[in-house]
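Below is one structure, written out as structure tokens; the observations come after it.
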């Protein structure tokens, strides 16, 4: 009986535009499972990861969730696209299974409507807005332009930045605001408008890492966009830089995790995780992968602590709770289930992410 | 707001649209066939070009014919498989079979090329041209020139040459065309092979403008559809003009309103046009 | 002759009753019920499209809009206005009728590709609206749809197993509607317009009115699938307007062989079973689905069903009795 | 006159599904001969000329041999037989409705070779034969009247340089005046070197121009002979009666 | 105008233009019940265009009266509903259906059941459907289409039989006025006799018949009245005897054949 593995369901897009990222997150979770199993597993039983592809489609996500539920998983770690997460939440919740959202950013995920016991690791729009607003304020830029993906995520992110700027009572002029659909790859028309407005800072908010963001960075460079290009939190991953190539140099961004920067670099848990991932998948983890791994790790810690697999006590332990010794260091969840995180600004130099010395 | 730059954007975009649509114009107008796998064939053309340049180390000028060759092969195989449906003129089935081909191409390309984004950079796309405030690349110039030449040649061939007449005869009544000594199957195969080559050429020229993904192709097929129908089915000149008009519309709508709604607005205009003139812009109302 | 009709009725009624027990026969697990409910919902969705494709002879790419109209109306009426399933069904049908009237009016003059394109354009515009209009939840969609409960009957369905009777009933009604349509004057008129418009006109059929009426019948069928889907999923977003549902519908309509009464149902079942139980990952699944489409249309003139000629009698041909069913004349 | 048959068929059998629609031991048309085929509706006349070309709008099973100038062409697809000089003007739809008269007349087969008894008519020559077509040369096929289409159908075939011509009821839809004009035109084409198999419902008109007449009934030859022999044949008279009332 | 003695169908000053081409100009004729009106004229004279004008399939000038009532602005399908039916010069069928199904389909106005009734009263619908099959079979036989062809697709039956089917489909469940466009084209032998019998029997049913025909023997023997068109204009009207001896008609149309 002790040998019976505990099943953990994992649902991310494994194909389509977000497929590569989804695969990486899944791999990170597998790496973490292997670390946990090496350390004796959960309640003395090994973890078995069952992974599914939601194809970035809510309907598919829901069927996959149903499948995992009937496979008898104890927890489901999911969520790259917000609509997929929002669609899966009620289904998983009704089945009485714990649902941890790793990446999806939409605010309603934590609203409690779909899942009153929601937990999410990725930072929220409002958390993200502050760091960008602070940068704009510090840089003294007066002419600000926005290039924003026209959906809940993009508009929310822009609103958060503007709200923060207002809170700071910072005087600036919004010289351009261009919205575009998620799957846009040609930004020349929008960039022409932005360029004509001659901004000091252009904030680019585009979660389409496979296509839109690298295209935007390249075309901004080619069109000789004046001022600084600032990208929204978490939208410039190493994969984006790889596609964007040289054009990415000089782009400014912010994020919550960097594998080889303090405090992560010296964190033994993180070192273990980075090593394991490189060993198993020949890949250095990025922020998303770290979040996926942390999700599993936090759950495993809670289970081992409470010695139960039941949804409710575990969720209550996580929501509003503290955890020490995770990949992300010592972390804390807000009572609504949101992981609290620290943002760091970085610039891309020589196609490498270079974290700026902390100014706070 | 820089109107001249938007005009340049619109012109380049318009020629790109027209170029992407050209294969389908021929299919639809000349042989009354459709191909919903068009977008995926575009994707394949882009990836073969990319593969030729970055994996096989071919120069751009050789990667293009390679892509076209693959396009021809895919077009040929598609038509070979559908030949019976084509001869029966079963349009509903053809629409759906080509949709199926699009699926297969997408799946196969993703397995083969992977699903990460790639940059298809060509010697032309790396060369930016700055004229005062204006900006474009040599790639953009190539798109405009090739599109114009291609359309002119096509217009001439379809209207004036035996080959064009042949295809039009087959389009109308394959069985009657047989009685005129035409090898109908060969014409169908040829038209589809042409479609494959044309869309691959378009991909090799247009795709370097943006990063490429194996999941792309959806937008391309929609744009093609709009261009072909708006131009009046089968009208070569019409689809050139429709492509150009669409490009300018997208650019200026983006400039004055918002790029977010440019496609939806283009569709709204399309619907309005077709309600007023069901035959598209090229055909006079009530004609035929 | 009377005997014949009676026999036929039994022949139809028996499977209709037996069909209800299919999930139980398959083991009755949660996954089976979930699959069966989805098959029923998507089949109903496809039947709406079926009468457009098979009878009117047009490929409508706007049926996701009707599906979405049902789903969104239900989400709004149940989550925001607190209405029960019966009222939300009525609402869904009304909204779908309004949309269909508009779409039918716009496409009255259009045929073939142009028709397909315009319907597609409508779907794209609808998706843009759904994604951006906060009334419809924008890209976050609409949440908080309550469980399916008809207090009047004391009926409540909190999971797929409990929802199954509703889904199955809806499926039966849809199939019966489609079969009635095909036997009715309107169904014949649709075929006439489809096959030879000039002859149809000179036989006293108004093509435009016929097309409009068929649209008005088709839309509520697909919308009622959206209605149940909203309850089943408890969350609706703009993804219901995406290609996934469109391709699902189209495939279901044609894959078994066109113009078969049970074709769409069998098609949906086939696709979902493959997707749920024999999935090889997104890309391979795409290749499989594409190949099935190609093979069944290009190489099997009678669809997949043509392969099983023996069970063919279970799938009555849509058209009228042909030579052999006519009684011999003395 | 060379007596070797230009067009010959042996053991021709055509079946639709299970029904044998045609069963002919042998038919031969010699150089410069105009052979008429008559028979009631459904006798198999169209089936005969269509199967000589291997062409059909349905899907018949055809067996037997077809020889053109002694060469076995049974295995060739229809368009190859056309190139070899065997031309058919079918009944029913004859012209490309989306093309102008002029385009309809523009040659289409791969450089149909001249010689060997083949003559390609130039556009001017066909316009001279059918002045009406000249007047309508810029009209689309769909805009032509029924009779104009019939003329255009014949004219198109002449443009392709026939060695042997198969005509399926060319007089359908023609005004009486034109019926005789067309049939006389066919006769003069034969006199100038063409070989023709003419299917005609209008026995009355056909018998005036043909050299030989074949009477078909239910897919078999009921009678065969020269025009003068057949004129008095009672079986012909029967068919003739129907047409004449 | 009394319905009994007045013409069933009357057209006045009918004209059709295709762009610059005037295909029909100022043509007037009428036909009574139980009467056969023949329309003859050279190819391209505008005969078929005249039918298109009467049945409102083209834009035209002039007026059309059915049973004394002006129907000029009535939509084509409503004209059919009122009993004005026509056949086309080129055969017109519902191609994917069998001959019998074709016939059943055009009988829908008599045997069809509305959607609501079909849904609520399936048995009544089934009964009507069986009646339709039987009636369709009878009608096909009456129009000279033997039972052996009923199960075939229309394009697979002999051309002559296709002609008869076209007429049967045009007549449908019945008509007050029936316009036929070269019904005898391609007919011969027994089929021709059949056609003549059919025309006469339709005439005896008090149907008003208009027949375009190039087949002089046929038209002269069955028509009560003949209209001759040439280049879109009315050249002559009269009884067959008058027409046959009219020098203008001989010159323009009949030529030396007569």
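Should a chain be cited, it is by its letter among A, B, C, D and E, assigned in written order, with residues numbered from 1 in that chain.
Please note the rule applied: a contact is a pair of C-beta atoms (placed from the backbone, for glycine too) under 8 Å apart; a residue touches a chain by one contact, two chains touch by 3 or more.
The structure displayed is predicted, hence computed values, not measured ones.
A.B. asks: When contacts are scored as defined above, which chain pair ends up with more C-beta pairs, C-E or B-D?
C.D. replies: Pair with more contacting C-beta pairs, C-E versus B-D: C-E.
A.B. asks: Going by average Cα coordinates, which chain is farthest removed from chain B?
C.D. replies: Between chain B and every other chain, the largest centroid distance is to E.
A.B. asks: Starting from the Cα centroid of chain D, hunt down the chain whose centroid lies farthest away.
C.D. replies: Chain centre farthest from chain D's centre: A.
A.B. asks: Taking the mean of the CA coordinates per chain, how far is chain A from chain D in Å?
C.D. replies: 77
A.B. asks: Averaging only over C-alpha atoms, locate the centres of chain B and chain D and give their separation in whole Å.
C.D. replies: Centre-to-centre distance between chain B and chain D: 44 Å.
A.B. asks: List the centre-to-centre spacing of chain B and chain C in whole Å, with centres computed as mean CA coordinates.
C.D. replies: 32
A.B. asks: Between chain B and chain E, what is the separation of their C-alpha centroids in Å?
C.D. replies: The mean C-alpha positions of chain B and chain E differ by 47 Å.
A.B. asks: Name the residues of chain E that each touch 2 or more other chains.
C.D. replies: none
A.B. asks: What parts of chain B, by residue number, touch at least two of the other chains?
C.D. replies: Correct list: 110, 115, 260, 263.
A.B. asks: So which stretches of chain C touch two or more other chains?
C.D. replies: 128, 132, 282-283
A.B. asks: Can you list every touching chain pair?
C.D. replies: Chain-chain contacts present: A-B, A-C, B-C, B-D, C-E, D-E.
A.B. asks: Within their complex, state which residues of chain B touch chain D.
C.D. replies: Checking each residue of chain B against chain D gives 162, 165-166, 168-169, 171-173, 175-184, 288.
A.B. asks: Within the complex, which stretch of chain B touches chain A?
C.D. replies: 1-2, 5-6, 9, 13, 110, 114-119, 128, 130, 135, 137, 209-211, 213, 215-216, 219, 250-251, 254-255, 258-260, 262-263
A.B. asks: In the complex, go through chain E and note every residue touching chain D.
C.D. replies: That would be residues 18, 40-45, 47-48, 89-91, 153, 155-161, 182, 185-193, 196, 214, 216-218, 221, 253-255, 257-258 of chain E.
A.B. asks: Give the list of chain A residues in touch with chain C in this complex.
C.D. replies: 14-16, 19, 53, 55, 57-60, 62-63, 66-67, 69-70, 82-83, 86-87, 89-91, 94-95, 106-108, 111, 113-114, 150-153, 181
A.B. asks: Considering only the defined contacts, which chain B positions touch chain C in the complex?
C.D. replies: Listed in rising order, the residues of chain B that touch chain C are 28, 34, 81-82, 84-85, 91-93, 95-97, 99-108, 110-111, 115, 218, 222, 225-226, 228-229, 233, 260-261, 263-264, 267-268, 270-271, 274-275, 278, 280.
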